[in-house]
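Once you scroll down, you'll see the structures, which are given as structure tokens.
Two complexes follow with chain A in common, the first pairing it with chain B and the second with chain C.
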Partner chain A sequence: MIYEVFRQERKGQPFQHAGSVEAPDERFAEIYAREQYGRRQESAALWLVRRDALSEIDDFPDEFDLKYRRVDGYSIKTRLREAREKAGTLETAPGGEP
Partner chain B sequence: MSERTEFILAMADDELILGWRNSEWTGIAPFLEEDVAFSSIAQNEIGHARALYELAAAELGTTADALAFDRRPEEYRCAPLVELRRLEWARTIARHWLYETADEIRLAALKASDDPELAGIAAKMDREEAYHRMHAEMWIDRLLATDEGRTRLNEAVDELWGPALGVLDDELRPELRRRAEERLGRPLPDVDPVPRGAHEAALAELWEEMTMVRRSAPAGSQW
Partner chain C sequence: MDSRTQEFLEYVQSSGQVETGDWMPDEYRSKLVKFIEMHGNSELMGVLPERDWILRAPTLQRKLALTAKIQDEVGHAQLIYRVIEDLGKPRTACLDDLVSGRSKFHNVFHYPTRTWGDVGVIAWLVDAAAIVSQKALLKCSYAPYARIMKKICWEESFHILHGRDVILAMVTGTQEQFGLVQEALDRWWEPLMHFHGNPIPADEDPMYIWRIKSQGNEEARQQFLEGYVPQIRELGLEIPDPALRKDEGTGRWLYTEPDWEKLRAVVTGHGPASAERLAFRRLSREDVAWVERVVLSEAA
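This part shows the complex of A and B:
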């Protein structure tokens, strides 16, 4: 059985995928995860999830190229400059364009 | 040497030699996760040994390293249980479990002692040993769950029972027997404890390997 391990580095932070352990059951998995991802005090907490309990989605069709729904549809740089101009706080970067 | 120091040294030697023996599985344990876990447990045991050696060293006016590496093999006070070499996996787990069970009884007695230094170190060790026991108990459950596992565990425990009794002083032995028999659901053989000091031949070999670097570059050498 494969268990995916998620690790929280400090209290309050989000859990991030750390890796996985193979173990015959949850008890073994907990002990192995503790030793593999916690023995160096590198984790505040761990989450263990059986791999077959995870649902994965990996298809995201975008047939009509709806750029405006994506974050890269906006140029933050241009909008930021416009906002600064409007507010009169535009500074000239040393030796170059603002 | 005071009785107290002798006792501390005996316990330190148990932890050092068992840590060393368990670390011999590093790289060759039955599977990767177990390899990491068992190696980590071995490192903990050696950490406990260091803390105990430091306690003894303060009294003897020496250092933890000198106590760990500069004595002759016959001067070590560890129990023969921890000295045995190349036990296959079922025996390794049986020894691990027998030692952890005995150690729990010994630590409980120390935690209740009126020696604050010893009680303190025992409490600290016990907080880590709790995870070693979880690891050992989970393997015992696993082995007891099948005919083959049970047979191999029982054979191993019978073989190691005399040395296991030797880990504890007379007054604590009945408690070890009681716990082990209850866990295995059967009586254990009526054998004599193999006492400390009755060293296995394997200890000399371990000592050669363990102290090789230290002997080649004696204390005070600059690296």
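This part shows the complex of A and C:
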């Protein structure tokens, strides 16, 4: 059985994948993971997850051009300039040119 | 080369990294297994010369430190064999190939350790040579291997310090202790110069072409010489190569060309301790086979 090991270096930090151990059952997996990833006090906590219990998603299709969900989906430069011109604040706008 | 393989090659050559489940050319997979397996074998075989010294280490502190180093190295072998298993070769097959001599391990582990001086030189300089190669593997195109190298390099840095501490204790000790270090250095210099392999140009080295390694052999050796020759010499030790010097014009280290034929013979199992080490590994594998049987049947 393969167990994936996730390691938290200090309290408050995210758990990150550290590697895997092969063990006949959970009891052995715990012993091996402690030895392999914790014997120098280098971990605050470990998560052990059986590999076959993990599901992976590794494709993120963007058929519908979802860039309105991201900051690069917005280009406000031209519109802001136009708005400032209209309001007569172009010269005095904080930070000058947008 | 088909277009898919060509595309893969260009991907890894432009620093692209590959995960276990990704498509990869058969040749890449077999080169990876060969390279990583030799590394795993070396970690496992590398503990045998040190194991001989656990009971003979001069103080309790040294015994504990040496035992901890040995545990680290065996741990590295376990991490590395796990990576190979995910590439399709089971650990038992790796161990079968190791003990039958079908696969290789690093040249430096084919030599005996005659005195405590050898143990210091191994922990300091062999580990230093190894860390030069291993740091270059942090950029390996196969990401799962590159990731475990982070942990391995971290642990190796303790080993170098432990080795350097052993050496410093001896060179500041009696004349006899100093002599043991000098004699060990005399014995280990040739294997150290062999360690990074023959100076094949990186562009002709398949392990570099596939970006399994990120530097050529000679580049690694130059890095080792640049880092460690001054550290050896400042202790008053003499390196047994009269031709060794740095060409200040080019910044390159010049040295007597090692006997590459001898390196080939050593790594194919004809080193002074090859047969004995493999026999020991075979024996200990048979000795502990019952543990595996008991554990697996209890878990089943």
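The working rule: the second predicted complex is superposed on the first by the 62 of 98 C-alpha atoms of A that agree within 3 Å, B and C clash if a C-alpha of one lies under 4 Å from a C-alpha of the other, contacts with A are read in each partner's own complex, and residues count from 1 in each chain.
The working rule: contacts are C-beta pairs under 8 Å (C-beta built on N, C-alpha and C of every residue); 3 or more make two chains touch, one makes a residue touch a chain.
Not measured: the values here are computed from a predicted model.
Peer 1: Consider chain A as the common anchor and indicate whether chain B and chain C clash or fit when overlaid.
Peer 2: Aligned on chain A, chain B and chain C clash with each other.
Peer 1: Contacts for A:Ile31 in the overlay, against chain B (first) and chain C (second): which applies, first, second, both or neither?
Peer 2: Touch status of A:Ile31: first partner only.
Peer 1: Which partner chains sit in contact with A:Ala18 here, chain B, chain C, both or neither? Use first/second/both/neither.
Peer 2: Once the two structures are laid over each other on A, A:Ala18 reaches chain C alone.
Peer 1: In the superposed model, only one of 22-30, 130-138, 148-156 or 166-174 in chain C has C-alpha atoms clashing with chain B. Which one?
Peer 2: The answer is stretch 166-174.
Peer 1: Could you tell me which stretches of chain A are touched by chain B in one complex and by chain C in the other?
Peer 2: 21-22, 24, 28, 35-36, 39
Peer 1: Can you check the complex and tell me which residues of chain A touch chain C?
Peer 2: Of all residues in chain A, those touching chain C are 2, 17-22, 24-25, 28, 35-36, 39, 56, 58.
Peer 1: So in the complex, which bits of chain C are touching chain A?
Peer 2: Listed in rising order, the residues are 21, 71, 75, 78-79, 82, 85-86, 91, 147-148, 151, 295-296, 298-300.
Peer 1: Under the touch definition given earlier, write down the residues of chain A that touch chain B in their complex.
Peer 2: The contact residues of chain A facing chain B are 21-24, 27-28, 31-32, 34-36, 39.
Peer 1: Where on chain B is chain A touching in the complex?
Peer 2: 31-34, 36-37, 40-41, 131, 134-135, 138, 142
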